[in-house]
């Protein structure tokens, strides 16, 4: 962590930006896609935001930078539903975003043939609140990117960019997971109780999650009310448990929930834990191939039942 | 048309017999591989595999011997080529057994003071020739087709058994030997005793048993019209070749059936000089037969 | 505000001994929404039920809780009482304060407190109960029987005799199945064809049976009472309506040397043929793969000689749609082939028996053809290789069966008996011959079965050797059988003239594909699974589909016929009413909220969930939602527990009902 | 004859979610056989364990259950063929989640009790009751119910001062 090679060369992002623009122009001009969902520069220096480009003349607005944190799969699952009606859509995805797309295909929400997937090789994106416009480093890189296994998306229609040599980053998320796993239940309870007590039930986590596409969330129902809706500790605890359970076996780990949480609740820890459990129990990993049935929609007669008397 | 042929290279575990009674198996193996352009590098400092007796006496010893050999083989590149059917069986059984049994694996690892190499692919020469090298290429390499030579391929007990372990071919009705020797032009006969036991190391303690068992093998091969037998195991070779005269005396039937190692016949076909194939160390002289067929 | 009535039963002393029933009733009366509460000695008695009925009228009750025994005991009773009082029966619930309380607790205070809790939970539940009406599904009183062997024929005849239409579909050109191939049947040794062919003719001539031979099931749609079956009628190249069955075409066909599969390839047949003389229908079929006309475009002899002009070389496969209300699957079995390992099967071959290379090693069915008077040898036992009469025959049982290491662990059930029969038939035909049988166990549980087997040994002098055979090989014109005799503990070698292997009974090839079309489940061997091994042995879990015969597991003829009649009885029960009535405990989709992730479809054990398209008036697709077919839904509720947004709900067990109970704790 | 009955300082509430075909019938059988067990269990009947939503377990704890039992048919015995297989996976995942949140899994018992296993029902119900009784009340969820948003976690001096300044 001492030498200068501990940063990621920004050249990758510039090269990818050019390639995205070229590909977007190509598909829009050829009519192979009605719109391209990607990122464009944000209003503030060094930020980025989602963009939907339909005019080939405007492809130069598209960018890729460490600020391109958003998981654009969201724009195909529930937000901006109107663009899906336009026909085949091109979408720019990082490896982690692609896993969400794959999951959505398995859940009948997207069809592969309706998409033109532009995969981008990604070395990492910024963590929330990091200083902009400086190369990614141990200080500024997002937690999920430190132990990313999908820098290069697999199965996209085109994949652009070449992965540079990456510095070694401390895997803070798995370290934190191990730390929690080593605690006693009582310690874990107080850890989560404290975190969940702060939750203001803004539902940003739900809003940003590509998999929370239900028309009506169970937690908004009042006949019966399964989860108390006011931001009180009891309802908060229930909400986060239900959320983690509903994402189990589906969440592909984009960690957008955690990024958007205004109260800095480490939500991705729950997702990571469930993913880990389902991998250990049933060898399931979300997002690598389109599976007709997730791990909780199928069974084997010889599944583990050591916990059942 | 044909893709660039990849150069095959193997580490090689000859085993004790091939350095002693089955020298001609070793010589012809090396000759054959050289002629085919397949690399073969002997594992340094290898030890006995325990063969047929060790596992009946001390299981841990027999597993440790092979585990040690596997760890020695780690130092030599390439899959491990094995000629002797008994060595092949022991090495495979060791890998299979230790992969399933953690307790034993730990004991063995303690005994050999190192990790067991469960990953190294152990391959019999037949597998190398039929699968890695390919029968088409083998046919291409033929200089002197063995046409007219009627061969009875004898598998013995160990090449395909026990069922889960070697996975060389169909357990009870393999054809891999026939396919390999067929590829160099020989004619193979359909006969009944391809898989029967020759008596193995009863040859020393209960020779009577061996005379009966090996006798019925020779008898059956002869009845099927074979000119010669082809084997892949030094122990079988010993019983069928060295004891053949005694068998003839005991049964009063004359066989005069040369017993070749598979590599001897294959090497002959691909043009290795007959003088380098150890035909002179065989008890039943094969030269009259080979001359008759115009092969030497 | 609800007006719930609570009725606490004393059950004589059974409840009242440990539960203070008056107190429970008094506490129930204080629960919000309870308009009336009382206790009574025997609620299930006539006066008890009348008390309930009167209270409903008098207090205008809109829900009832009977605190008494287990609902498994009297729920029906009280729901009927509620119904006769004009209340929807599903608004009546039982609080189990006997089995779950008074009988298992001795402390009066504790038991009373618990009983009150249970009543409170059920009161909370009943407030959330909905009026439910039984589901009715119209029933098409027409049955499909798949497979024209003895099972299919029996089922078809039974259903047809009951006055219902039956469509019988058979893959082969003739019905009859395996039973038509057998020589004699155990344990009576009556001639198989003599008892089988009349049934075949009955089936063909029955006014209620439509026969589709040389046909297969193309697709299956619909559900119980309302299936749509598409049958592929393969091109026979012979117009059935015109053909008189005179047989001139077969006699004149120049292609005569085609191995006859019906005779296990021992005999030959022409290219235009009926599989066997007693075939039903007696209409030939052209085997296009072997017909000179189809191969070269020349010949046409059959067309020339056919008087009625029934030969049609241009005929094509036809698809026929048949609406039916119930399906009987009777696809039967085939024998495990030792010649090669079946593709894609976990079952391994028998290399040690020569992989089918020894001509005089045959299977049991081949022996049947040899022994059959109408077989290729006219009933003489002759070796396939040289036509000589075998003097030593070795029978080997359990070839493939009960052989875990070969991939099958089940017992094929019929081999012990038919091998005993074979030894007898052999002895009757070859008086100086000797039969040997290698066996593991003799399994003869059936009426007169063991006596039959004993007779084979004691009177017909078959030598039974307990032990298995390790290897067979040809030696000259003999087959050396190497085996063991475990009773004596020695190795045995027999030089046989003929070896007969009792190979395992397996489901028909393609059984899995058919099951997928039907939506029924099967085991790892592809035998079809019954809904319950003991109590629903002929029903499939998929409603409206029934099993008969060996497709469900190895079976002999008596068992097969019994099961076929049982399946027919089930079909008749279904057809007894014009509409099928079911308990309305089924799942329903809230289409407004459903986003069609189809989690429900993925977990549904009944295949009851379908995709439903919602379209606007112009027919444009708006969206897709899940739809639960109430005729198919089994009512387990796995869909609801799985649905993230709870857009599917199981009537009778809604989230509201359950949550109300939990909250009443 | 009455068995000696102890008086306990704490009697836990146990909620049992059971399927109607196996465990409910098993509990009925325990009654028919007059087997005795602690009176702490309250049974909620489901058609199948496949119908049991993890939310119900959560709700039970929130509403004051000290222990929860989920019980259904043995694998292969499910009246609906596969409901219990689905439930098995669902609850394997759910209990891992609860464990990670910090719920003591000793309060949550899963079992297979067939219609013939009245004895097993008694054993399971007794064991869970005794275990939970020894553990004491399930305070965690109950505390949450009584707590308010600002009760403690954000505890800066400024906030504290502001809070106290409220008349």
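We call the chains A, B, C and D, going by the order they appear; numbering starts again at 1 in every chain.
Assume a residue touches a chain if its C-beta (ideal position, glycine included) is under 8 Å from a C-beta of that chain, and two chains touch if they have at least 3 such contacts.
Because the structure is a prediction, the values reported are computed rather than measured.
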{"item": "Distance in touch steps, counted as few as possible, from subunit B out to subunit D", "value": "2"}
{"item": "Selected interface, B-C versus A-C, where C-beta contact pairs are more numerous", "value": "A-C"}
{"item": "Distance from subunit B to subunit A - Cα centre to Cα centre, in angstrom", "value": "57"}
{"item": "Inter-chain centre distance, subunit A versus subunit C - centres from mean C-alpha coordinates, in Å", "value": "48"}
{"item": "Distance between chain centroids, defined by C-alpha means - subunit B, subunit C (Å)", "value": "52"}
{"item": "Gap in Å, rounded to a whole number, between the CA centres of subunit D and subunit C", "value": "40"}
{"item": "Multi-chain contact residues (two or more partners), subunit B", "value": "none"}
{"item": "Sequence positions of subunit D contacting 2 or more other chains", "value": "59, 82, 86, 90"}
{"item": "Touching two or more other chains - residue numbers and ranges from subunit A", "value": "218, 226, 296-298"}
{"item": "Pairs of chains in contact (touch as defined earlier), listed by label", "value": "A-C, A-D, B-C, C-D"}
{"item": "Subunit D residues touching subunit A - in the complex, by the definition given at the top", "value": "54-55, 58-59, 62, 75-76, 82, 85-86, 88-105, 109-112, 124, 140-141, 144-145, 147-149, 151-154"}
{"item": "Subunit D-touching residues of subunit C, taken from the complex the two chains share", "value": "70-72, 96, 98-101, 103-107, 110-111, 113-114, 117-118, 121, 521, 531, 541, 585, 603, 605-606, 634-638, 640-642, 650, 652-653, 655, 658-659, 661-663, 665"}
{"item": "Of subunit D, residues touching subunit C in the complex", "value": "2-3, 5, 13, 15, 20, 24-25, 27-32, 34-37, 39, 42-48, 50-53, 56, 59-60, 63-65, 78-83, 86-87, 90, 122"}
{"item": "Interface residues, subunit C side, partner subunit B - complex", "value": "348-352, 354-355, 357, 405, 471, 473-476, 480"}
{"item": "Residues of subunit C that touch subunit A when the two form their complex", "value": "592-599, 602-603, 624, 642, 644-647, 655-656, 659-660"}
